[in-house]
Amino acid sequence: MDSHKIRDLLKAVQENRISVDKAFGELKNLPYEDLSFAKIDHHRHMRQGIPEVIYAEGKTEAQVVSIARAMHKKSGSFLISRATKKIHSMLKIKGSVFHPSSGMISVGPKKDAKGNVLVLTAGTSDIAVADEAAVTALFLGSAVTTIYDVGVAGLHRLLDKKNLFTEARVIVVAAGMEGALPSVVGGMTDKPIIAVPTSAGYGTSFSGLTALFAMLNSCVPGIAVMNIDNGFGAGCLAHKINTIG
Amino acid sequence: MDSHKIRDLLKAVQENRISVDKAFGELKNLPYEDLSFAKIDHHRHMRQGIPEVIYAEGKTEAQVVSIARAMHKKSGSFLISRATKKIHSMLKIKGSVFHPSSGMISVGPKKDAKGNVLVLTAGTSDIAVADEAAVTALFLGSAVTTIYDVGVAGLHRLLDKKNLFTEARVIVVAAGMEGALPSVVGGMTDKPIIAVPTSAGYGTSFSGLTALFAMLNSCVPGIAVMNIDNGFGAGCLAHKINTIG
Amino acid sequence: MDSHKIRDLLKAVQENRISVDKAFGELKNLPYEDLSFAKIDHHRHMRQGIPEVIYAEGKTEAQVVSIARAMHKKSGSFLISRATKKIHSMLKIKGSVFHPSSGMISVGPKKDAKGNVLVLTAGTSDIAVADEAAVTALFLGSAVTTIYDVGVAGLHRLLDKKNLFTEARVIVVAAGMEGALPSVVGGMTDKPIIAVPTSAGYGTSFSGLTALFAMLNSCVPGIAVMNIDNGFGAGCLAHKINTIG
Amino acid sequence: MDSHKIRDLLKAVQENRISVDKAFGELKNLPYEDLSFAKIDHHRHMRQGIPEVIYAEGKTEAQVVSIARAMHKKSGSFLISRATKKIHSMLKIKGSVFHPSSGMISVGPKKDAKGNVLVLTAGTSDIAVADEAAVTALFLGSAVTTIYDVGVAGLHRLLDKKNLFTEARVIVVAAGMEGALPSVVGGMTDKPIIAVPTSAGYGTSFSGLTALFAMLNSCVPGIAVMNIDNGFGAGCLAHKINTIG
Amino acid sequence: MDSHKIRDLLKAVQENRISVDKAFGELKNLPYEDLSFAKIDHHRHMRQGIPEVIYAEGKTEAQVVSIARAMHKKSGSFLISRATKKIHSMLKIKGSVFHPSSGMISVGPKKDAKGNVLVLTAGTSDIAVADEAAVTALFLGSAVTTIYDVGVAGLHRLLDKKNLFTEARVIVVAAGMEGALPSVVGGMTDKPIIAVPTSAGYGTSFSGLTALFAMLNSCVPGIAVMNIDNGFGAGCLAHKINTIG
Amino acid sequence: MDSHKIRDLLKAVQENRISVDKAFGELKNLPYEDLSFAKIDHHRHMRQGIPEVIYAEGKTEAQVVSIARAMHKKSGSFLISRATKKIHSMLKIKGSVFHPSSGMISVGPKKDAKGNVLVLTAGTSDIAVADEAAVTALFLGSAVTTIYDVGVAGLHRLLDKKNLFTEARVIVVAAGMEGALPSVVGGMTDKPIIAVPTSAGYGTSFSGLTALFAMLNSCVPGIAVMNIDNGFGAGCLAHKINTIG
Amino acid sequence: MDSHKIRDLLKAVQENRISVDKAFGELKNLPYEDLSFAKIDHHRHMRQGIPEVIYAEGKTEAQVVSIARAMHKKSGSFLISRATKKIHSMLKIKGSVFHPSSGMISVGPKKDAKGNVLVLTAGTSDIAVADEAAVTALFLGSAVTTIYDVGVAGLHRLLDKKNLFTEARVIVVAAGMEGALPSVVGGMTDKPIIAVPTSAGYGTSFSGLTALFAMLNSCVPGIAVMNIDNGFGAGCLAHKINTIG
Amino acid sequence: MDSHKIRDLLKAVQENRISVDKAFGELKNLPYEDLSFAKIDHHRHMRQGIPEVIYAEGKTEAQVVSIARAMHKKSGSFLISRATKKIHSMLKIKGSVFHPSSGMISVGPKKDAKGNVLVLTAGTSDIAVADEAAVTALFLGSAVTTIYDVGVAGLHRLLDKKNLFTEARVIVVAAGMEGALPSVVGGMTDKPIIAVPTSAGYGTSFSGLTALFAMLNSCVPGIAVMNIDNGFGAGCLAHKINTIG
């Protein structure tokens, strides 16, 4: 039952072609799903400008390209995660950028970067995940600062950059292996921290599981933890927190 | 926005006190949640006679008693799972029955038992779980037959009862340890089988996990598997299948 | 000891060539396995028309083809799961259909589709598993309806299709990642639900284990759970429930 | 080496009692740890009014009481988590409140509650954890709204409260069993969501592990996940996000 | 259909009261389960003297006592595993023996101990499990030799007893912690070895899981492994191997 | 210190060229390892004719070939496990046989096959592992009978072959998926049973772990369990038990 | 065959009462186990003064007391781990000390404490394990320094004590929860570090498993890791390293 | 703020160009991180000659080569772990050595090998990991002895080499499968033992996890355990212990 049907019903009431009781009965049974769907559409409209994101893994290159082109036509911007250089060259969309370290492709949107998201990594092998977070937050409209390779084995590298903590509104920390960096950073600042375990490591790193559990057990209270290698999720949450209020 | 409000609105349209456009706007924004709530209430009404179930574990005896009494007042029947004899004696509700092997308490409802649910156990230590399934299915209105201790270590016990398989509409099989019974039963009948792993066993039985995984990997296709010790769930599903169509 | 032997023995008793005691002794020791084998054969005969299914994974393409041809000659129909397009082209059997999304190949059988199995997926990456269930149920003789990509992140998509729930006799829900869809669907209908966890996801999705455990722990009682990616099993169970009674 | 020592050294340089080279040598070797300690002290001063929190589990009642009294003397306020009624009665501190559902004890601080933290639970057995989050956030200075028992098995209960989502700045969702609620809530709002898995459940709920992994694998991007039963951490993070900017 | 019925049938054939065809039909349909049951009974009879075993864990003391008394009346002997001294004193059966280290109670049977089962333990905390194996094998009729506390941390203790290996027909090795003893013993003898992991240990001993996996991965080929703490099973297998041929 | 040295020393004592004290000192310090080594060599001599076995996995083809040739030169026989057809063709050793289903290569030894090892599989995908056991036992000198594809989903196939159980001295059962076959066989015979879990299956079969745990938890006491896919170990143990006494 | 026997044999050779051949034969067969046993005894003698240690867990109080008294009589000193105050009061041995935080009881030995073992803990709940290490190392003869509660959430506490690192020869670090402290300490010193995971924590700390895996995956190379809560082992290794050379 | 700046400041104080208060303020705020960085630099200087190590896994060949060349230019020596022959041929650095069994590449440094590190393996498949330890310790300046393939299945091989234990200062033991060798070696010596689990094995070896847990649960107290396959870490720790004080 869409808008026209509801209007017709109301008109019929107005013109006494149908009784209040019967109209009430029909309205009561109107599929709220359609209404709720409309509401969400409206809600989406209010969020206009926030482009859809395509997760390329598990899709053929051709599929990714056609979805991306459709999005581009509709909204002028999109973000592809876990993409490849080949997909980028197949896209042939002006202004699209391939981010090699994170494997992301983005087009637009044009807007002023707000706030300040600080993205840290423990090691060089965590950079892909961190960059996925950074590119995502940038794409959504957040200003982003990145510092890489400041793991706990060389604390001085981290202490050296501590002033950047005070300038950030929210801090994303990507770390693999023993996943200790979020705790150490969390001990040095009261900013919200988003910890992303990475699958860097071998043996009992269990492809990131050890880092994940270490982060969940941080002695610093209130660290937000993401799924392993989920830089995209970290970027989304960082943007939400960064642009709050 | 409840019924009265909608009726008032419709009346206002009928009496031309408010335009169709404005009424439409108000209706479009009416919280569908209320409507959907009403629908579910209505739906519940259609399912009249199906009593609520109280899961006693983690509640104080006093809490269980007061919830049960409230239910009894409203619907005249209820089912309590994971209860104790003490709760039963505290209830002081006429007609309530304590089922010692499953730890359930039931009152009503009076109805003819339909169909035929066959409940089997591999060993004597699986009987508590099997009885939870049996009491639940009975309570919901299914006829139930039980055969216990027919595990695979003595196949003849099972073969001896095979004719009961053909009489059943659905078969619940509770087994701990290696959880092999559902596969063996499944090889002897084409009736839907609901397998319930029990926590009976020690060491690498992992409190039922081994039986659970064995059941999920049955070489007989299409066995429905429940959570460990979830006799209640098995009883619910058995009743749904038993009374279908 | 086959039929002829038993008849000969009985004749010998009738003609007093052998005493009752001795005949009893021989009969007592007759291998019941043969009898039981015969019974099961007979049982199979009663189930005539239900074609065998070939699980292609772990077999060479040549093996699959020769088994399939033998089956086709005997029964005129068969179903191959986890197959490839190449196997299909090697088969050269008229009327055989390759189902690309599920990787199944089917021939026959011709029969009227009965009942109504509704198959849902949470995301697009769960479609292969869902289609395995759908093709299987169709092949076994059930009517099947499919709705894909109605995951919990956009509830309106699901609410929009709720009327299909009431038309179904049994609902198959395939979901990976957090595996939440069966619970949400289960909260909206009283039809039997078969949940199939899929291996879609990464990190702590543990190739479907997280979805599996979520489904086993559903707050909605009585959801039937399958092994990870076991669309075939879901199709079998759905067909059994759909055609019960 | 504290401030006085540095001033004395500088004075000695000014008065030529010690050469620049020697002063430089002493300064170069001054333990930066002290400086860093001082900085953190200063930092703590800036955070003045944020009381310490005592984790009572694993401490004797007497230990908890004496630590709490010392804190109370110093700052006039404190928060104890995982406490008991007995500890509260032993404290004999005027104005201290025992929160029975969360097992917390708080005194002060007096301040205006800022922002709006919405705390939800899937079931009644998740309330202890949710209340730990709520009491913590309140204690730290956030305004808190709670809605309990709105799990996915009865979506209408949740849809009914959806307007509260728009009023919140951040949403805490506590859920055990299959842990599906954060995904469903996340599909209905763009507010930051903090998911807390609880140990409610049995069998393959693995004392909250299944809920934890489900939350980490949410199809809704950017959900912040806490350790199992870590309501305190959720309260801290919620407060940080709620009072940002 | 029992023996009398079959005899009656055969007599009816002999006396021409019933045709061969009809008798054949009845015999063909006679429930083979009954036959198979009879067979197993017969088989049991052939194994006369092998008493039943009662697993006391999970049964009330009264239940254990009444089962034991019934067995004693029927066969004059029985074995109870995981029992208590209290059960023994409740039994009041002459000749019953309580084995304190293994928690077993046995009565009879009187027979000559055959062969030679050697039972070893790595440490003193493995003795309960080893004694369960020893008492079981003795009860079933095997001669048993035990050497305890010869773990790999003091190889000389083991080397000192090596001559006992050559005298044994089968060797049971109970070990907890790292479970290394079966490998070391297996490197010193070609006798069949039955390894029983025990739950002795803490932390990553995982209640015997580490010992179990170590034993399954022994570099010595052909070690038979039992479930954790399953001394009873080890005793059964040891007896079977010891008395073979 | 070898035999010659000890004789020389004794001679020197006899001829008074060296004092008893000094000779004692030398003997006391003689590396017992050498003696023990000699003993083991001697022991090996007594076991003459039992060829060494080469585990090919993780070695280059050239390495396997050169080890095999050296063994062949020394003992005239050898067994290679986890080998390939290519290795066989590189060997160029007369009389060597490649066993395709198990991936083994054997040469000799010529001897009469003793006893009777029965090897069963649940499904066709367990045959590789079962054949590894069969070829190993044959190679070591045991007579072997094999029956494949008699899994619990079609009990009649197994019951049909039950007479073979009585003829066997020991039974090897290879099964993947739910690993139920050893329990069922164990309920039908009192022969020692060696259960080998195979990695056949998917999802929660966990590459054989579920079958392993099911076998360790068999309700039939005394089943010997091997590591996953360890057909070689099963063959060794079967041979040891088969040829005992 | 002990020393006297060998001397007698040699004398018999010297005096020509027995031939070289016969003497050789007897020597060749002399049980090397006895020799090896003697060697180890001798070795023990060389290690004289290193008292035995009693692990009290799983022993009755009476057993612990009688073992301790026997040891005390023999060597004048002993160490009991996982003991209780009650055991101490039962001992009635002059000079015995009960260490309440570690649950250890020690008597003697009197010796000068050598070297310098530094023992750190992340939190207060790790002190029991750290003290077990400290008391053990002290008992074995090492000088020990302890600093507690210097976890990574407050780095300044650790930096403040850094000079103690340079004075230590080996550092023991006990930490639970996320187990990050050994990495941070390891980044600040080149001394050997022994990491002991403790079972402090809840939820996904998995009773110390998360800390254990974090330590095994430290980005600082060469950290020695112990079993969970194994302070005794850490004390032993620390003493070995501390007193090396 | 570097040395020059501090000197300038001190000079300004000396010359009264700036007040003590202002100089104090500047010094108090001087970034201690820089100082700490300098300290570590200085510390590095003191450790002159200890070359950096490059972990090649996860880096492109070109990246490894360019990092190695830069290191070589700066320090004249380097070590690459998990490298390939191809990287070595791309390096074109005179004096660089490729170690094929460990996959390491080293250049320099020239120094006398100190102490004695003994490296053992249980089997031939553990040699790659053992060689990583050996090459690392050698590179860092330790003398190294290696004995391979002395696993517990043939104790005599190990006993034969026992004298090497007394000559070693520290012993590295690499073992896969059941990981029993460290315990056996630990029972024969009081030297510090570093156990390295290797991923050799299949099935329940879990890629080294079983060996790891076995080592952590050794009945010999004080064995240092490394991550799976972490030969590099074992080499580092062995060198630290070997060259201690």
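Going by the order they are written in, the chains are A, B, C, D, E, F, G and H; count residues from 1 in each one.
We adopt the following convention: a contact is a pair of C-beta atoms (placed from the backbone, for glycine too) under 8 Å apart; a residue touches a chain by one contact, two chains touch by 3 or more.
The shown structure was predicted, so the numbers you read here are calculated from the model rather than taken from an experiment.
Undergrad: With one step meaning two chains touch, work out the least steps from chain E to chain F.
TA: 1
Undergrad: Which chains lie in contact with each of chain B and chain H?
TA: Expected: A, D, E, F.
Undergrad: Keeping to the contact definition above, tell me which chains border both chain A and chain E.
TA: Shared contacts of chain A and chain E: B, C, G, H.
Undergrad: Based on the averaged CA atom positions, which chain is farthest from chain D?
TA: Of all chains, F has its centre farthest from that of chain D.
Undergrad: So, comparing C-alpha centroids, which chain is the farthest one from chain A?
TA: Checked the centroid distances; the maximum from chain A is E.
Undergrad: Report the chain pair from D-H, D-G or A-D that duplicates the E-F interface, where duplication means over half of the contact pairs agree by residue number.
TA: The E-F interface is reproduced by A-D.
Undergrad: What whole-number Å value describes the gap between the mean CA coordinates of chain G and chain H?
TA: Comparing mean C-alpha positions, chain H is 25 Å from chain G.
Undergrad: Whole-Å distance, chain C centre to chain H centre, using C-alpha means?
TA: 55
Undergrad: How far is the middle of chain D from the middle of chain F, if each middle is the mean of its Cα atoms, in Å?
TA: Whole-Å distance between the two chain centres: 59.
Undergrad: On chain H, where are the residues touching two or more other chains?
TA: 32-33, 36, 39, 154-155, 159, 203-205, 209, 212, 216-217, 227-228, 230
Undergrad: Can you work out from the touch definition every pair of chains that touches here?
TA: A-B, A-C, A-D, A-G, A-H, B-C, B-D, B-E, B-F, C-D, C-E, C-F, D-G, D-H, E-F, E-G, E-H, F-G, F-H, G-H
Undergrad: Considering the complex alone, what residue numbers of chain H touch chain E?
TA: Touch residues, chain H against chain E: 122-123, 151-155, 177-180, 183-184, 186-188, 201, 203-206, 209-211, 213-220.
Undergrad: State the interface residues of chain F toward chain G in the complex, per the touch definition above.
TA: Within the complex, chain F contacts chain G at residues 3, 6-7, 10-11, 13-14, 16, 20, 23-24, 27-28, 32, 35-36, 38-39.
Undergrad: Under the touch definition given earlier, write down the residues of chain F that touch chain H in their complex.
TA: 31-34, 36-37, 39-40, 57-58, 197, 199, 207-209, 212, 227-230
Undergrad: If you look only at chain D, which of its residues touch chain B in the complex?
TA: 125, 154-157, 159-163, 200, 202-205
Undergrad: Using the touch definition from the top, list the residues of chain A that touch chain D in their complex.
TA: Contacts found on chain A: 36, 47, 53, 159, 169-170, 190-192, 194, 212, 216-217, 221-228, 230, 232-237, 239-241, 244-245.
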